[in-house]
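The following pair of complexes shares a single chain, chain A, combined with chain B in the former and chain C in the latter.
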Partner chain A sequence: MVRAGSRPSLAAATPARDAWRVLSGVAAAPRKRPGPGDDAVGHRTLSTDTGFWLLAACADGAGSAALGRCGAEVAVRQALAWLARRLKRNPRSQLTAASLQHAVDRALAAEARRRSVDVRDLATTLVVAAAGPESTWLAQVGDGAAVVQHPASPRWHLPIWPDRGEHVNETQFAGHPRSQWRAVELPRAQALALLSDGLLPVAVDLATRQAFQPFFSGFAGELVQREPSELQPALESFLTSPRLAERTDDDVSLVVAVRCEPAGADVSA
Partner chain B sequence: MYLHDGRQPIQIADELGRGGEGVVYAVHGQPDRVAKLYNAAPDSEASEKLSYLVALGDQAPELADVSSWPLALLRDGDGAVRGFLMQRLDGPQPLHHLYSPEQRKVLFPKATWRTLVEVAADCARLFSTLHTRGVVVGDVNERNVLVNPAGQLVLVDADSFQVQQGERVFVTGVGVVDYTPPELQGTDFRTVVRTPEHDRFGLAVLLFKLLFMGRHPFSGGTDGDLAAAIAAKQYDYGEVADRLKHLIPLTLLPKSLQDLFAAALTGEARPTPQQWQTQLRAFAASLQPCPDDPLHMLPPGVARCPWCAIESLLHYAYFARPDGGAYASLWTPREDQLQDLRLALAETWAPPDPTVFLVPADQPAAVAVARRAMLIHVPVDTRSWYLSVLGGLTVLAGVARMAAAGALDRVAEGTVCGGVLVWSLGRWLRWRFKQPWFRDLATLRTLLNQVEHAGDAWRVEAYQFRSRDRQLLQRFGQLAAQHEGVVAFRTAELERLTLDAVDENMRAALEKIRIEDAELPPMVGEARRQALRIRGLLTAADVDERQLVGLPGFTPQVIQALIEWRQALEVRLGGRKRPALRPEHRAAIDNNCQIMQEEIEAQLAEVLRQRALASEEARDQLEATYRQTEHVVAVLKLHAERLLLRLREG
Partner chain C sequence: MVEKLPFAAIEFAANPEPRCPCVLLLDTSASMAGARITELQRGLAQFRDELQADPLARKRVEVAIVTFGGSVRLANDFTAIEHFDPPRLVADGLTPMGGAVQTGLELLRGRKQVYRDNGLAYYRPWMFLLTDGEPNDDWREGAAAVKQAEAARQVAFFAVGVGEANFDVLGQLATRQPLQLRGLMFREMFQWLSNSLRSVSQSGITDEVALSNPASPDGWAKV
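Let's look at the complex of A and B:
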């Protein structure tokens, strides 16, 4: 499912089947309200021969105001569909950033042709996670962030530092052929979170480039104990709260996912 | 304890070291010798081997120069062998402390790559000396070669060397899979007779690790199984080093040495220690310090110093700097940890092989007896037979009378009925007599069936265990690949930090500035301007580091000048100024990579634990299955024998 942020459209998150509890929400920046924001998030679960997967994506449209959200939605939908297709066919297939880039860029180009606009109007950042029984694959382009927590330690960490145009001279986007997509494969994750750049000031310590632990462990701790539907109103009010608005003036989106089954349960199965 | 060496009493002093089978002590009054005492007194075979070693050492004194050769036996008051005397080496460290970078930087701070090549050559000399005398090391591994800070080497565990006395071979009995040649992988070390050819493989692995920063030449392929990689001759360091930028390229060695390694690790005719020694000595002599850093040793004719490349790209140094503090990054490739885990994996037991089912010793005998018993003819019971015959005759008599009389009278009727009754009684008695025999035979058949199919049941279980084990091995391999993936990821991330790319917002403006008529930096003369044009780099937007590297005549300085020229243009046209690179950005990447690698190591350890548990469970369960089979075999044999005995008696 893909949802886009049009204030205050924070539809209740449906709990992922069995293995994962997922909470997600999108909110437009205060100055854009009541108009729609440019962020889109999505997630789905997938059952394969090797076990259960959670696929999640989060995008922040960067093109023209009218089309930004459209690009973000297309990117999220295409990324999830691509991951599901690849993993369904072979859960051990080698996922690469280049092939995801190809798939998403092609979808954006097709959408641009359909709407007869320039593909740059649909440009979007994208961060994608595929969490399986044995590995976690993260890929991203641009300034979103993916934060992961592994079974062995309570630490949340940020493997790929968001590309904020500090060193590579521009923010990178899906839809730009020269953009550099980055990916890393990690071991099994216990919990993960995806967020758009709007939340970076509150979720990440920009000086040390580390994830801000209480932010993530707070969400994850609640999610372990309660159903996502119960927590949805709290997330909505957090994302639209004036306190958050004081610290960021951008659209905000967040996906938090926590594994419910005991760690290691399906390793030896 | 009273000890003597055959000539004089020996008094042991401080303990110097402790191993699995004995303790090494200093000796009072003999500073150049140490005593090794076994925890358990050696058996006669081991004592005879030691006596022979001492005798061999007397004939060939050079053996004691290259190894901790037994110089004299130590006997207790009863004359039993308790240990032996050997020469003392000062400050010895196992060889892996020299080749593994982290330990080397602490323990051998003055070592350079040349030191390592020289030590490698010397290591070959030790093997050469032993082989000349017909001695085979057998258990080659990095713990059995000691090196002291002066670079002197000695082989230890000489009492495990394989020697031959006439027709009699004293075998080594142990081994480490990492150093075991393909043809011996999977064999039983306790009985195998080694040859110098086998040692040459182990020697090549040892030399490789010395030269390539402790990396094993067979990285273990996709499933992390070194033993399998060696058996399959997957000597893949060349490709792995191309992929992982922290590894030294194989091509840093001259072609002749590369060929020696290929021949030793995958070929049939492995080079002799003498060949290694000559080649390595010549190579060590040819090494020159890199012009940019005297700490980096290079063979002549190398254009780009790989040590410099690794240090500038990864901020990781393989050798200690005299000032110590130049490389503050906390990150290390953590190869040692991965290697330790791989070693631990090699030491974990695999579940029993499904194709090998151990048959209980007395199964064939039991099956033979049972088969014989199955063929018996159940004896005939004479009483019931007579009764049946009597009954039959009576019936015949009745029928005869009936025929004679021509009609059914009372007497005939009574005779026939009585005959039928007697006949039935006979049949019934016969059935009752045979019934227990049939029952016993049926039981026997069931038991025989169970025994004959016990192997099948065992195999089904063993195959299940093995398939689970394969999954665990596969998982181990996947995690090991992730571990290396993190190193590659870190390299890519560090490269990004320093990557220069055209500011996309300025691209359109830069494209208007043609190189042909632009004012280029003075370093870029007319010839280079032409070279750019020929390469198709026409505007300022084409001045991109990735396009410029490798153009003939474009030195790093020229490329840098061009890039700075373009960056200045970008700022002049209204673009952003590039931020300076801050050390904490690198530290953040290092920190993240370390977290990831530690996480992967924790999961690798978990896989090891699960494998050990699963193998233990498999062994227990299969043992139980075996015991049960043994029991059934015993019951079968007893039953069959009892049946045969009864037949004989009855």
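Let's look at the complex of A and C:
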């Protein structure tokens, strides 16, 4: 599913062997409401010869781009489709940042042609995760963040630092040919989260460049105990809460996923 | 009993607010004496009041003031708006504008280093030059430094001329088109500046801020 702006809907992951529980939401910055904002998130699951995969993506359309949110939706959709295609064909396929960049930039260019606009009007950041039975692949352009927790330890890691320029209001975007995309391959994940830059001030310790542990364990701890459908209203309240608005005045989006099967570390620790 | 929503108490990281530095380069040469300096002083007070009234801007915007009248003087080192008290301006002497520009850029370099040393995020600094005359010192070096800093996106430099200011020089100092103040609309100018800084200081990382046009028919400037 792809979710953008303020059109909440939910497809709860079915608890099955080696499956995931996924919770996701998007909210516009208070000053943009009742508009939908420029963030989009999406996720899907995939069964392959080697096992079960969770694919997730989170994008933040550039506020300076005329069609930022449209770009974010296209990037999320294309990233998920590309990952599914590659992994379905060969689950051991070597995923690279360059090939994801090629696929997403091509989709943005096609959308730009369709709308007779410049591809820069669709500029968006993007962060993606592909979590398989043995490994986790993360890729990113711009200042979104991916956070991972592995089975052996309760600690949440932030393997790729959000790519911020020297100044707060500058970053890199999909759709720009010279943007730098980065990817990292990690061991099997027990839980993961993707977030847009709007949540960085509360979810990441910016001085030490570490994931702020209580933030992620708080979400994951609930998700191991309750169905996503039960938690969805609470997530939406959280994302639009005055308490959060006091700390950030940006669009916010979050995907949190935990493995359903009992094996592995307790993510709420 | 109302059940508390599951995520109502999620703990937040305690990051300091990102900083939004702004340097004002103010001409306090003898020709500014009288109504000009009085209105400028009033405008500064309004600038402070408007930014202080905004809960995010008051924590994020930091202002420094360099005056150039007779000599270049650091009238106010970087201060968070919540603690900012505008200095008393006195008009006197010639117009060492080039030196003021260099001092402003130097101040910014130092401030960025303080931010970096303390792990503080910051927005692209703004530098705002206001004059009613022309430089009596060598300003070309300052102009080159501004161009270099603008090209490297290290600063956004705005020049505003009052009355008989030399717009030819201002045009060479700034990469953006210099603006001409309508009459003595200092307060309107500072209102625009505080609104703009408020927008910048609240923009998300991926936002490019659209500023209102100060040269619109009811704006404070002409081009």
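By our rule, the second predicted complex is superposed on the first by the 241 of 269 C-alpha atoms of A that agree within 3 Å, B and C clash if a C-alpha of one lies under 4 Å from a C-alpha of the other, contacts with A are read in each partner's own complex, and residues count from 1 in each chain.
The rule is simple: contacts are C-beta pairs under 8 Å (C-beta built on N, C-alpha and C of every residue); 3 or more make two chains touch, one makes a residue touch a chain.
From a predicted model like this one, the values you see are computed outputs, not experimental measurements.
A.B. asks: Please determine whether it is chain B or chain C that touches the greater number of chain A residues.
C.D. replies: After superposition, C is the partner touching more of chain A.
A.B. asks: Of the partners chain B and chain C, which touch A:Ser116 in the superposed model: first, second, both, neither?
C.D. replies: neither
A.B. asks: After superposition on the shared chain, which partner residues are touched by A:Ala207: those of chain B (first), chain C (second), both, or neither?
C.D. replies: both
A.B. asks: Thinking of the overlay built on chain A, is A:His157 touched by chain B (first), by chain C (second), by both, or by neither?
C.D. replies: A:His157 sits against chain B, while chain C stays out of touch.
A.B. asks: Applying the document's definition of touch, where does A:Arg188 land relative to chain B and chain C: first, second, both, or neither?
C.D. replies: The first partner, chain B, only.
A.B. asks: May I ask you to decide whether A:Ser135 touches chain B, chain C, both, or neither, giving the answer as first, second, both or neither?
C.D. replies: Once the two structures are laid over each other on A, A:Ser135 reaches chain B alone.
A.B. asks: Could you pull out which residues of chain A sit against chain B in one structure and against chain C in the other?
C.D. replies: Shared contact residues on chain A: 166-170, 207.
A.B. asks: Chain A touches which residues of chain B in the complex?
C.D. replies: Going through chain B, the ones touching chain A are 468, 471-472, 475, 478-479, 482, 485-486, 489, 492-493, 496-499, 501-505, 576, 578-579, 581, 584-585, 588-589, 591-592, 595-596, 598-600, 602-603, 606-607, 610, 614.
A.B. asks: How about chain A: which of its residues touch chain C in the complex?
C.D. replies: Contacts found on chain A: 29, 31, 38, 60-64, 68, 125, 142-143, 164, 166-171, 173, 197-198, 200-207, 212, 214-215, 218-219, 222, 226, 231, 233-235, 237-238, 241, 243, 246-247, 249-251.
A.B. asks: Can you list the chain A residues touching chain B in their complex?
C.D. replies: By the definition above, chain A touches chain B via 134-135, 150-153, 155, 157-161, 166-170, 176, 178, 180, 182, 184-188, 207-210, 264, 267-268.
A.B. asks: Given the complex with chain A, which residues does chain C contribute to the contact?
C.D. replies: Within the complex, chain C contacts chain A at residues 5-13, 15, 18, 55-56, 119, 121-124, 153-154, 200, 202-209.
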